[in-house]
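Lettered A, B and C in written order, each chain numbered from 1.
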């Protein structure tokens, strides 16, 4: 399907929206956008990267595609283009323009339950069968979708979007301009037990989770509440799906956590940390600002700022690469050592 | 507990249902089935595999078990049996026969919310506190269980079973004869951001997810919607629980994805691909038809048809096995090389 | 935030609650508790471990913290202390004392749906928009929170706490004094298919899940029902978040399963088994009593009692450590072997 909403826009207008530069006829109008391989005659599309450039250029012309958002550094194209240093900003502008708006006519849906002691901003939206418990606070223009749950004394900031099935549990705080995707749990108990007489005795988990402004959390993520104080997700951090963040964790600002990451209790991430898919760290480690943990890496010791690590235990990526490369030679190496031993024995 | 529902069946009748052959008295009647180690006198059970055959045969007789569904290639047994080349087809027939049917007397439960603009087939069932949003379409005999959510303009095909807590989000499509297990999310936003001035700027995710017919999706799975166009799960594919499927992924027909798999954005799986537990792949790779990725394998490059790979990076399984085998010799190898060095030095 | 609820307690009283011993003024009263690094004047705090002892002792005095719960084996401190051999038991007592109690005035919330054929104890609580289906049984003082779902003929034992969004599906059994965290699924279908003519034919999953008493299950966990009989989680076992437990699995008593563990079908864990984060096991393996699987370990063969294993395949941890240590020497080893080969060739 193409992305369209009945509106059209000229290349000149779209370039103005995204800070791009039109090459070719700026009066060309487009009313839908689609990916390069499926875009049809008259549509807008998006091209980035030098790979298969000639083939792609021919395709644009052959398919009579109307215009293309692309990078400043790509060569001339046979159709009009909007050029940007970062063409994704052009794509974002186009997608926002062609986005279908959802129209919702209610404030609190009649099937939602909102406690009498909750405070819901007059322009917030509470969807069907959603629950807002005692003492909860819902900010201006916040949208709590159907089947979502906001617990006792929890709060959701202005303009935040809480998708169906999200659980923001008691006393937890979601900032402004946040997006929390479906079936994510904010504020489950931390995993803490004391051992006594062969029993696992629960350490009560009485803190909360604080999600700062401009955070996006993926679907089916779990973020545990702190034992005391707060588990914190810093401003502007974005997480993918199926991530586990344990109690007492402190995540800095503008981090990126990719799918299936697991962060153990008390770990502390700096700002601009990137943890790729299936990575993890043990409890109480510190990962410095601007560090990247590559896919499947497991951090077992503190990592300084701007580290670039992989493997288990995580080590400088170049070292891990050397080890992985060497491994393929290992079976042969064993034979070579045996040969050497035989030769030396023969010498005697 | 044994599986029973008050009905009984003769071996002759059951064999006819599953295409099996009765060995022994075909008039024996059974009214329940249980696993070999817990089946009681007069029950039906299931036996496959040559392992511990003599012991199992004795057990069947000693426990006075009435009959056994088993494989054509097993030796003679002391009790009546139904024989099939693939005995699991006999088990399936027996389980379907003894299954307790759930009786539901409502069409749309009074506590469910169904938008006036949704279209629900007259024989579909919408459970308690479920939500069906504006413009959604629910097919014939589809069952949307309690607490499930079907979003705006989403659709669920005929005979599909949507378990409690599933979220089929806006514009997503679930085909016919599908099963989606509890708390799975279909259509969360893809994880896409552009970097500008130190900010992560969201790329709107305006496509959808299309789940073709006869697909089964496990519990707590997340399938992200495409940026434009569709993330596709092909006909007859079956997934286990806790799987992450990123945006723009294309999964072929009749694939099997085992628990905790992670598939990165834009990856393309052919037909009959098997990804075992905890496997993954990086973005945009292609995995050929009929390939198998063994447990914990991470695919980092395109994989041709009928590959059988494991490890990280995924490589032919035989090579990975040789490396894993060699690894256990590595600590000793280091000593042996030191010995060789010493000997050579002594020679000088 | 500090943990407080308006009540205060003397050290003497608190020591009596937890079996501790007061060192210093036993009449000191405290009305809140906070972690060491954020505790303020007059508060109670918690200190364990010898690390940075002198610095911590100075901090306690400088910040005028009122008292500290600590270990018997730590040296003298400049403020009053409650000493215990296991100081976590003191922390637990204090947290339980300062816990804010939630007051709920309803029995069955008016927005909940409870089937006429369900049996709900008169002092149980059913939250807003929760669902309790036909034939379900809810025990004394059990709390089914908002948006939770208890299926047909399922049961939840006395004093158990079922958090928002949990799905206890048809016929499943949750014992007494259990805690099930949000969006966890108890009783999704096991992943079982027979192959015939290129089709994956579903093996009906007609058993259930039995969760014994005193079990705690984390958030977004999935536990599949058995094909026949029961998947069992033994008494006193505690699991973290995002765990997958497949069908027919038998987990013993008082096991600890940390986040993102995956347990394949038919596996059998003894009592007091610990599986650390991101571990897993293949189908049908047995893991003996008191065994520990260290982080990311994958068990591929039966493991005897009291094993301490890591790696993939899981092996004795000392062996895995030797291999991991040797790996860092491997790239250099390859050079050394080449040198040896050259030297031997020169000799000829």
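General remarks:
The working rule: a residue touches a chain if its C-beta (ideal position, glycine included) is under 8 Å from a C-beta of that chain, and two chains touch if they have at least 3 such contacts.
These numbers come from a predicted model, not from an experiment.
By the residue-number overlap criterion, the interface of chain A with chain C counts as different, with under half of its numbers used by both chains. Its C-alpha atoms superposed on chain B, chain A is turned by 120 degrees; the angle is given in steps of 5. Chain A and chain C have Cα centroids separated by 26 Å. With touch defined as above, residues shared between interfaces to two or more other chains in chain B number as follows: 111, 129, 147, 165, 183, 220, 242, 260, 327, 330, 333, 337, 340, 344.
Of all residues in chain A, only 1-3, 33-35, 38, 86, 88-89, 91-92, 95-96, 98-100, 102, 109, 111, 127-129, 146-147, 163-165, 179, 181-183, 216, 218-220, 236, 238, 240-242, 254, 256, 258-260, 272, 277-278, 295-296, 324, 327-328, 330-331, 333-334, 337, 340-341, 344 touch chain B in the complex they form. In the complex of the two chains, the chain A residues touching chain C come out as 113, 129-131, 133, 147, 149, 151-152, 165, 167, 169-170, 183, 185, 188-189, 191, 193-196, 198-204, 206-208, 220, 222, 224, 227-230, 242, 244, 246, 260, 262, 264, 280, 282, 298, 312-313, 315, 319, 322-323, 325-327, 329-330, 333, 336-337, 340, 343-344.
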